[in-house]
Amino acid sequence: MRIGVFVCHCGSNIAGTVDVAELAKRALTLKDVVYSDHPMYTCSEPGQAGIQQAIKDKKLDRVVVSACSPHMHEQTFRRTVEGAGMNPYLMEMANIREHCSWIHPDMAEGTEKAWEIIKMAVAKARQLEPLYANEVSVNKDVLIIGGGVAGIQAALDLADAGLKVTIVEKETTIGGTMAKLDKTFPTIDCSACILTPRMVDCSQHENITLMTYSEVEKVSGYVGNFTVDIRRKAAMVDWNKCVGCDVCVQKCPAKAPNLFDEGLEPTKAIYIPFPQAVPKRAAIQVDYCRYFQTGKCKVCERVCPAGAIDYEQKDTSVTKEFGAIVVATGLEVFPWEEHYSEYGGGKIKDVISGLQYERMLNASGPYGGHVRRMSDGADPKTVVFIQCVGSRDESVNRPYCSSVCCMYTAKQALLTKDHCGMDTDVYVFYIDIRATGKGYEEFIKRVQTEFGVKYVRGRVSKLYEQDGKVMVRGTDTLLGEQVEIPADLVVLASGIQPADGAKQLAQTLNISYDEFGFMKEGHPKLRPVETNTAGVFLAGVCQAPKDIPATVAQASGTASKVIGLLAKDKLKTSPQIAVVNQKNCVSCWKCIEVCPFSAPEKQELRDGTYKSHVIETVCQGCGICVATCPVNTIELKGFTTDAILDQIEEVLQSQL
Amino acid sequence: MSRQDHIREFAANALTEKRVDYFIGWKQGYNSSEMIPAFVTDPAEADQLVWNPLCHHNLVTFIKRNMPEPADAKVGLCVKGCDSRTLVALLQEGLVDKDRLYVVGVPCDGIVDRRKLEKMFSSEITEIEFPERGKVKVTTRAGETKELDQKDVELIGCAHCRYPNPLYSDNTAGPLEKEPDREETKPDWSALEQYESLSDDVKQALLEKIYATCIRCFACIHVCPVCVCWDKCVNRSRQPELVSQKVGPKENLLFQMVHMFHVAGRCPSCGACDRACPVEIPLGLLHAKMNKEIYDMFGFEPGVKLDEKPVFQVFDLKDQFGD
Amino acid sequence: MAEATNNQASGAATTGAAPGGAGAPDRPVKVVGIVCNWCSYAGADTAGVGRFKQPANLRLIRVPCTGRIDPLFALKAFEKGADGVLISGCHPGDCHYSEGNYYARRKFELAERMIHHLGIPPERFKWTWVSASEGQRWQKVVTEFVAGVQKLGPREGKAL
Amino acid sequence: MASKYLKSEQLPAFLESLAKNARVVAPFKRDGVTQYEPWQSGKDVELDVLLAKQSPKEYVFLQTETYLKFGYEMAPVPEGAEGEDAVPYETVKVDPQNEAPKQVIFGLRPCDVRGFVQMDQVFGGYGGFYFDPLYNARREATTLLAVTCREPRSTCFCTSVGGCPSSREGADVLFTQIEGGFFVEPITDKGEAIAEAAGAALTDPTDTQATEANEAKLASATKVDPAFDLEGVRDALHDNIADKRWADLAMRCVSCGTCTYVCPSCYCFSINDSIVETKGDRYRCWDNCFNPVYTEETSGHNPRAKKMNRFRNRFSHKFWYYPDKYDSLLCSGCGRCIANCPTRIDIREVIRVMGAPKEAPAASGAVAASAAAAAAVAAAADTTTEGKEA
Amino acid sequence: MADTTSGAAKKRLTFADVVPGASTAKAGKLAGNSYVPEIATVVEIIQETPTIKTFRMRFDDPAVMESFSFAPGQVGQLGVFGVGESTFAITSKPSEKEFIQFSVMRAGEVTQALHKLSVGDKVGIRAPMGCGFPMDAWKGKKILFVMGGIGSAALKATIEYCLEHRADYQGVNILYGATHPTNFTYQYDIDEWQKREDIDLTLTIDRECDGWQCDVGMVPAVLERMNPDPANTIAILCGPPIMIKFALISFMKLGFTPEQTYTTLEKRMKCGIGICGRCNVGPKYVCVDGPVFSMAELNELPDEL
């Protein structure tokens, strides 16, 4: 073996406190080191050329660059040696700047430590093996899970860029939460007016395939080559025939809860969520359908002009291949009824959630936009809003801020005045106002001053019914006194949480999530739309609470990342990954158990036994499996156990 | 019917009816003071099987990776309370095939520590009888005979056994033994206290002395039922060479630490390793401490619940240690 | 045990260096650090960039993730004569591979307790979390740890 | 050579005299376990426990023995050198190790001694094979002071393999415990030298003491239970090589190798290197044929992959392979492997079953006093009266 | 072959009997410390196939180089200090005096370290070991070499010997198989052999491959097609265990007797001098009784190959 050692001066950055010339000389006494040099700036043009020259002249087969942090220049020097025909992974760096010269002002001390750092690097270099990056071809289709505004935005961006997109949406229509909203803050423009055209775009775009009423069941494969099983739920209606005429819904005799209207008023067993649904197709909720429950009825079948009803329909499953996956599963309203017994736990009719109120305000909602008391349908005179229900509340395990409630409460307060008249008393109980977006603070001010909404700082401790009113008891912490307001209607700014089933989906996709089920980004700052599983991206509230502008921005960001990824025909995967030496594998499967990416799999050998095998393209090279394998038969290339042990021994050599 | 008769009858039936190809139990060794594992294939030999407080072998060892051949053989097996926990530990990880096993649980009221006995007599022990429950009658080669209380000569773990009744079995040999109230009482680690109270230097010196005697025969590892890699043990590997093949107190102790980490969360302190060590190294000292700390960290007892996973193969976001 | 000559006594024989006499009790201690690439190695870089002075007793080994660190590495280091072992990685929740440090902390915690059981004072082994931005914290961790180890002094002639 | 008498009280003084010129090793009890250990004054030799846990072989055939030290050096580049000359080149220095301090092992049993005799053939170049300098250097520097067994254990079977509890074969001095002390018989020159060096600690024995010693020897020989008939064992093992009963017998074995490590005659070893940076050593250390990776080749192919193969190898080695090569057995009947096996695998049983000719199935239970045992007793009686050169 | 059963020298030898440097064959075996390798320097490295390199080394001590000789079929322990030793067949020409050559397939630890060597690096060699082929006894016979993969290394020296003493043998016939054309070792020699009239060389690869002109098929099948005449022939077989297994069946089909069929065994070994007890197949030790065995001998041994 022939190792070359290059001890960088880095101007005076290193040479100032480390005797680089001395180290270069001493390096020649190390086993296998046949060449050393101490360039002024190793990373500079001449410095790199010097390394390349030495590789050729001295027939070096390993190079140790003793300079700055590998985070700084590992890539640089890998390219350097590669340029001289050497495998890039045969270069090792010794960090004698950040970890030495810059923190040890004493020359003698610094030089001594640098010497040991170099020795360790040489010891590691001896263990290095040439590694070769794997290339995999890339499927250019993208799967988007969730058809809310995030999914829609990403889909359109991607489709416009020429990529084929499939949206899988679990409801019968796309649109998500935003489709339920009335107006949107801070501009008070109509939610449907801006969303529905985009929904229609989606359905008409030649590059977009909509798969509504569907769910992702199984995902296998890896970046560029995912295989996904998608289950399409049986709607009991043949969607190829259904024209969305709504006749069946009108004639259906069976009532069913209307989830789109957040349960305010019932719909029918056969339903179309809302008039602008895309696709606009009917589906039967079999649990409520008279035919399915009693075996008699079939009214819809009789009335359907298209003959689309099909009571025998079964779930179907399709398997598709994708190159990238975008998760945009959005949100769900915090189920406050289960947690806030002090607010009546859902038993007081005139206490409703913010999203229910959106439906109430909405002109296409159950009450045509008429705000009314749920108990008697009367116009409310006093409306009280309570913020932070299920947000920033440790006691219900929701310590995070839902980020949109302050704003939508202000919006709803304003709309209340608008719908019910300026003389309506509107109170908002708040803890802090978070209005950080563009024009948001101004909006709040307007609501307070222009519309006379009374903001009370404090928590509401109890809601109870008295004389047909909802008594709101709380403290005004600014005044420091108890307040009690008899309200006609109380709207809870219930917080938001990840969509139902987000955790399971994350597990299916092998991405991580926090304890609430929000999916985790690759890095909070630097990789905000990627996940740690290559090829899986995030958009919208599934990652963290955010409002529509932020959602859309993130969705477009994601789209551009996906485009960037799929612009390549081949993907290079890092070769610094785990490999199983199957000779010694005892099939204990602990590696499979612990790998965060499900990279190891059971592989059947010719003799019928099973041994572990790491799928190269899935492995991210963390090495958790390596430290877990009891027989140490998995090696992490580039960080082998032998290399680590050799470094340990090298450090302690003088100790022995 | 005594437990022993139950085992014999069960084994004979299972073999006759071909429900199992082998039945693993205990039988007498070269004299009545030694019980050894028995592999019975012929129903007629079932009456060799015995059950008494000398049946210390943890038979789960024989089914871990070197299950009797052929690979689809069905095996009948006796387990005591502590043995059953090692079986559960293997089942938790899917390392043995439940469907090939027929497990006879043997409720146990304590196993005699033969080594403790040996140290009480100057002459070789040639005969041990159990005239009544709780009594041990020992006869030596020199002809000396002595009757002892079983409780006085039991294995160290038996006094505080929390699971005298097998936790996994298809059939139970006789009535259950009385169990401690596990809600009320915590595991007892008083045996460790004396060691724990020593100073660091004294501990080091003591360990050095103890581990200097290890001959690296690997008996401890090979009898350990939950060690699944015995034939590929990393302690014998040169690539990577985690532990040198040299013998010396450092290496020997490191080698035990490797074993310890590999069984952490899976070893219920069944004591098989301790009893197998020819030079009588108190290996239980490590395992008991490990289990104590694991209990302290996770409230976890290895090999108790079938649906649990060993604690080091999983994690919990809410783990409370570290800074 | 048979021979207590250099043949059987471990380690010492390999290099031929005289073990006992070498390293007078006042020699500076040697601490082995094993850190993850993404947080603590970068944190140490940050400390360097900030010119935060640290004792020169630490030697760092870079691994991708704390999940890669077998607790036995620490024991191996002690076997080979390390005076202290420091392990550091990303804060829980920040693991580059999302879960590595959750597994790791369980193992390190057990390792720490067992290391003490072996008679190695707890001050000689530390595992902690330092993020890439926490240069100052890195400095503090290193300085305090090394000071603690130095106080106990070099380890000589111990079983492990 | 004249026999002597050593008073029990004189034993420490006697050992002290030996310790002047050599290291003295003897069985001692520590924490209830008897082992051969270097003697220090004040320690009480343990002779009541018949056999130390391990055989004394580790004092001659070390468990870890560094036999080569080596160091790489990069030859320094001459000042001002250029081109190829400026490339440092590697040299390696090797330094063979073969130290063998003088030692006396006291208190071994005749079966322990026999272990050495058997190993001597392997390491000593018998039959034109290689001569092992490491073993032989230590062997030559070692003097063996054997003690006649008083109370054979139930696992002893030396008489079945041609030994006897008072055998002089291979010993330098034989001690026999009698009333108040030991009857001491120097056998070889080395033994004679020891006796001389002991000086006044040894006295001339009386005739009664000689008779007493004789009786003690005879008594102990008859106390060893016959285990099997050696006749035809080798051929039977050969014929039974593919017999299914091997697998049945091996069933209970856990393949640990304890039996081989405690055995006075097992000698398999491995060779390993260790290196830190440029300096390292090559050492040999005990290994055993039960080690599952013992014969495993790099490809993963293992000629003795099954426990049964390894099990069969050990017993066949002792009673067939070795005899074919060296014309004697590789077992001294000490029974250590039986007593220390975690599952008490009984070599006697194995030989009874597998060493019996195929057509005549082995009689279960003990074999009637075999010819070999009878002969051994007779021989014991013989050797007591007159010293015979080994 | 060593006389294994004589039990002749019943006296325990001492150092005095083993004079270092003694020259008779037997004393030579007993002389010195057989564990201490001779130091040699790598003088040339030839990359034979992606996983096989041939190393030529020269003993640092010129006297050792000069006196070094071996019989075809003999092996040596080649080691890298700090990593260990492994057994390899000596592949130089028996008459070669300039260097000693081994061909090493990258497999485990030692071979990996060997593959990392550069020219000028030091190694330790203990050679020769074991017994060679009874070349003298085979004079006047036809020799048929059947080899696969790295098995060629074991037979290389023997082939060279036959070619050097071509007149002594009635015929030299080589059948050499590899998985792929790039996996043939000694390509330069093969070219040479192909040109020679007095060698009958058949090359075969497992599966069709572009540009391949010789045979296609597994060695045993090709062997049967070749249909060699067993009369006055010695067959020597070496290759992976699976090839040996099936080639043997073919040989028996072709009418070869176990006595005229030879192979060289690979067993894990450490000491290489018949002590450590690792390479035995029953009472035979590959390192001293082998590695060369006739099938007749092997049939006597336990089924532990």
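For clarity, chains are labelled A, B, C, D and E in written order, and residue numbers in each chain start from 1.
Just so we're on the same page, a residue touches a chain if its C-beta (ideal position, glycine included) is under 8 Å from a C-beta of that chain, and two chains touch if they have at least 3 such contacts.
Since we're looking at a predicted model, the values are computed, not measured.
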Quick check on the contact network: minimum steps from subunit B to subunit D?
1
Any chain in contact with subunit A as well as subunit E:
B, D
Rounded Å distance between subunit B and subunit E, as computed from the means of their C-alpha atoms
49
Whole-Å distance, C-alpha centre of subunit A to that of subunit C, is 36
In subunit E, the residues touching two or more other chains are 84, 108, 121
Multi-chain contacts in subunit D: which residues touch at least two other chains?
35, 63-64, 72, 90, 270, 272, 274-276, 280, 283, 299
Of all residues in subunit A, which are in touch with two or more distinct other chains?
594, 628, 641, 645, 649, 653, 656
Report the residues of subunit B in contact with subunit E in the complex, numbered from low to high.
238-239
Going by the contact rule at the top, pick out the subunit D residues touching subunit E in the complex.
67-68, 70, 72, 89-92, 94, 96, 98, 120-134, 136-137, 140, 241-242, 267-275, 280, 282, 284, 287, 289, 294-299, 301, 303-304, 309, 312-313, 316-317, 320-321, 324-327
Quick check on the complex: what are the subunit A residues that touch subunit D?
28-35, 58, 119, 123, 583, 649-650, 653, 656
As the complex stands, subunit E meets subunit D at residues 2-10, 12-15, 17-18, 26, 29-30, 32-37, 39, 79, 81-85, 107-108, 111, 120-122, 124, 241, 266-268, 270-271, 273-283, 288, 302-305
Across the complex, what residues on subunit E touch subunit B?
84, 108-109
